[in-house]
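Below are two complexes that have chain A in common, paired first with chain B and then with chain C.
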Partner chain A sequence: MSEDQYPEITISPEAIKQAVSTRMNARLKMWTRICAHCGLCADSCHFYLAKNKDPRMVPSFKAQKLKELVRKKGRVDENYLQSLYDIAFGDCTVCRRCTMYCPFGIDMAVMVSTIRSILTSQGVAPKGLQDAIKNYQESGNQMAISEEDWVETLQWMEEELQDELPGATIPIDKKGARIMYTVNAREPKFYPQDIQLAAKLFHVVGEDWTLPSKMGWDDTNLAMFAGDAKTAGHIVQLIYDRAVELDVQYVAITECGHAFRSVAFEGPVWLGKDYPFKVVHSVELFAQYIREGRLEFDRKITEPITYQDPCNVSRNGGLADTARYIIKHIAEDFREMEPHGNHNFCCSGGGGAIPMGPPFKRRRMEAGKVKADQIKATGAKIVICPCHNCYDQVNDLNKEYNLGIKVKSFKEIFEEIMHIPEELKAQEEEDLGEGK
Partner chain B sequence: MNFIAFVEGPLVWIAFLTFLLGSALRLLLFFTLSSKKDKPVYRFFNLKWMLLSIARWLFPANVDLKKNPIFASLGYIFHICLLAVPLFYSAHLMLWEESRFKWSWWTMPDHWADWMTLTLLAIALFFIIRRIVLPGVRIITTPSDYLLIVICALPFLTGYINTHPDGLSYQWITSALPIYGQYGTTIHIMSGALMLIVVPFTKLSHWVLFFVSRAVTGMEFGRRNYPV
Partner chain C sequence: MPTVEFKGKTFNVDEDGFIDDFNGWSREWVDYVKESEGISELTEEHWKVIDILQDYYKKNGIAPMVRILSKVTGFKLKYIYELFPSGPGKGACKMAGLPKPTGCV
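Right after this comes the complex of A and B.
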């Protein structure tokens, strides 16, 4: 039994047939019909390029499996399901780069997502995603962190921060705040410093912000990557409820790509309604602070810097130029990857590839070669990743391909060079220059 | 009614009606199903992103031209020839003028039609070879992909042969297939009719669905405030 085999299930042809037909909407039917099989999408895919132009990595080949699945009318066996599972979860990160190169605008990533959705409905999904879905349903966050632990982490971070900036707070459940900040559950679990950095930044720029204590603080949505629209909608509904209760104007998303896509773009579709608040990604928020003169820097970073455009921040979030506006203010030697912006390659850790766990690690390291080569070519020493998945993946690539780089979020860069007015700092700071 | 009369009369009607009504039905089916199952398409409707996306790909103003300049350019040339020759060839116009509709419009010089026909045939051959040679294209190619290239090329091939009775191609085909001498025009009309008839039932329906698909995707990325 290979380690990336799908969890065992009993195949029900009737249930599969039903799952397929409920999902086949007018767009998907049109796309399975009109694909001209021209192959222009082939070299747009990082899997295709990383695997020496293996024809099975051509996006159209993967996407048109949906057509095959419709034709089979539920008559599938274990081997077939395993091959679909490998393709939909293992050979595609649903980054949507191929969509940009299809002359018909066929959204192949949506087609692969639909295959994922059909598989997940039958219990054929990576264990990492299935566990996360269970956690969301029970605790409202992917890591099953209890409300008590969450609030304690915030209080702990607030105390630590106050050693440095005495007046700084982490306001919990503050009604009427301007923004409700939401985080990736990895932050309280593995990187609580991230929350502290956000709090520090908000204090320095004088933001009126808050975090909810109850479910709805985790903005990630791994159910989206599994194609479980019901749970995905539930996750966004929690955020919606908290934002309405706290009566905020903005819901801000941490430096995480897919969370932004989920809340800002897919959420209104799942919930079938518009929000009474706006959704902003951290990148947008930071750029706004700089534009308004609220965020200033003592210096620029002199080491060569490159920027990893997360698929769900740039291509699927529309913030490619916004990120570069920030970079202009923080980097002396900025080097673009080629290609970049909306046409950037996925890091290969997206689409849930990292949370899918160890069975999928070999694949993402292989496919990540394209990203590793891109980074190497820039000669940059620092890679900015405003996305948790990119962040972890580029760190893994750094080890795998000996890139000799440091991976940083925008907040981590700000931490180094942000101008903090004297009056905000703690006293007894005679030896301030020590660390320099 | 003899066979030739059937082909020149009712078959032409059947072909045009199947093509037009079938294509209209394809659109209608999209709109009826999408109004139930694709509500976001209407909710996020935006004329600007829709038209931008269509224009960028209808005209050569898109990324594929940079990424695959040769294939993308040949694609455009193929489509231009495919549309222009049947629509503007002088002998076709004579038929329209003589028909019950008495329609008339601009015609192209005959030597243009000759060159465009040869160009189309050469590109069609290139498409077939490309499908066989490139593994990344071969894997997604189905038998119908080859067949449809042949179906699209046939009216052009027969048209060229018929209009050049002194040419080598005419001599070759009449010696291989003596009946062609008598039925050349009929075979040409039949091949044209076949091409029109298969449109609504195959990927060739992209002649209308291209606009729908581009619109949908253009608007989806337009929500991110940039054109694709």
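Right after this comes the complex of A and C.
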């Protein structure tokens, strides 16, 4: 058994046939029929480019496996499912770049996601995603963090932040706040400094914000990448419930790409309803602070900077120009990757590739060569990534391809150059302990 | 699965460089990994974190939150990151022989 094989399952042809037919809506049926195999999507794919133009990496080839699956009417064996698993989870990051190059507008990422969904319904999904799904179902977050540990982490970060900014707080369950901030579970678990940086920024710009104590604070959605719409909807419902209870105007998403996609765009479809609040990504929020003169900088970063457009922030989130508006204010020497913006290549860590776990590391390093080459060509020393998966993947690429770069989120850049009014800072040495 | 031989010990490692079996861990592993994790000299404080990670993992089957590490060791967050530059989720867990944590890490 190869190490990246899915957990053992019993194949039920009837169940597979059923899983396929319930998902094949009119749009998907049309897409399986109208693909002309023109090949215009081939060069758009980073897997295709990184793997010496292997025809098996052409997006339409991968997506049209759906057509094959329909034709088989459930008559599949173990080897066939393994090959589909390798393609749908291992050879595609559902970044939607190919969709932009299809003359028929076929959304091949949606087709691959549908294959994922069918596989997941039969228990054929990467263990990393399955474990996360179980955690979401039991604890409301991908890392099984209890409410007690979550709240204690927030209090701890508030306490440490007050050493520096005595008046700064991390408001929990503040009813009627303007925004409810939501985070990636990795932040409280391993990177609580990210929450502290957000709190610091919100204090400096005078934001009226809060975090919920109960489940609904984790905005990630790895169930989406496994095609488990039921759990995906459950995750968004938790966020919805907290936002309604706290009566906020906005749900703000941390510097994460897929969380934005799932809450802002997929969520209303899963829940079958519109939200009584707006969803805003950190990038939009930061740009707004700058535009309103609330966020100012003491200087610009002089080292050459490039920007990694996360697929779900730029191409699928519409914020490519918004990010560049921020960059204009923080970078002396900004260098675009080519191509960039909506046409940027996926970092190869997207679509759940990182949380799928170690069995997928080699593939994401191979396919990531396209991104590594793009970064190298800019000569930049800093790569800004407002997405945790891009952030980790570019860090891994940095090691793999010796890029000699530093990866930063926007918040980490702000931390270095943000103007903090004197009156907000801790004044005297002897006052330092007062916040505790 | 690739294997690593170091100071007479053999370790099976996954694609992310974590050992595949917690029971296969030994002190030599920590020595082997430290450099790639940006640590030149192992101190008692590194071992303190590693010990706590292992105890917690034995009891709970997952890695602890950094808050718990900080509380038990008395180290501030920044100091934990100074000890383990690639972080408590990646570097420290890898050295302690824990599997790569679930989720976006």
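Everything below uses one rule, namely that the second predicted complex is superposed on the first by the 428 of 436 C-alpha atoms of A that agree within 3 Å, B and C clash if a C-alpha of one lies under 4 Å from a C-alpha of the other, contacts with A are read in each partner's own complex, and residues count from 1 in each chain.
Assume contacts are C-beta pairs under 8 Å (C-beta built on N, C-alpha and C of every residue); 3 or more make two chains touch, one makes a residue touch a chain.
Small disclaimer: the values here were computed from a predicted structure and weren't measured.
Participant: Which of the two partners, first being chain B and second being chain C, lies in contact with A:Gly216: first, second, both, or neither?
Facilitator: neither
Participant: Going by the contact rule set out at the top, does A:Gly368 touch chain B (first), chain C (second), both, or neither?
Facilitator: In the superposed model, A:Gly368 contacts neither chain B nor chain C.
Participant: Answer with first, second, both or neither: which of chain B and chain C does A:Gly257 touch in the superposed model?
Facilitator: A:Gly257 sits against neither chain B nor chain C.
Participant: Which of the two partners, first being chain B and second being chain C, lies in contact with A:Phe190: first, second, both, or neither?
Facilitator: In the superposed model, A:Phe190 contacts chain C only, not chain B.
Participant: Looking at the complex, which residues from chain B come into contact with chain A?
Facilitator: 29-31, 33-34, 37-41, 53, 57, 62-64, 67-68, 71-72, 75, 134-142, 145, 203, 205-206, 209-210, 212-214, 216-218, 220, 223-226, 228
Participant: Under the definition above, what is the set of chain C residues touching chain A in their complex?
Facilitator: Of all residues in chain C, those touching chain A are 1, 14-16, 18, 62, 65-68, 70, 76-78, 81, 87-90, 100-105.
Participant: Give the list of chain A residues in touch with chain C in this complex.
Facilitator: Residues in contact with chain C: 3, 128, 131-132, 135, 142-145, 149, 152-153, 156, 160, 184-186, 188-193, 220, 222, 256, 354-355, 357-362, 388-389, 392.
Participant: Would you pull the chain A residues touching chain B in the complex into a rising list?
Facilitator: Where chain A meets chain B, its residues are 25-27, 29-31, 33-40, 42-44, 48, 53, 55-56, 58, 60-61, 64, 99-101, 103-107, 265, 269, 272, 315-318, 342-343.
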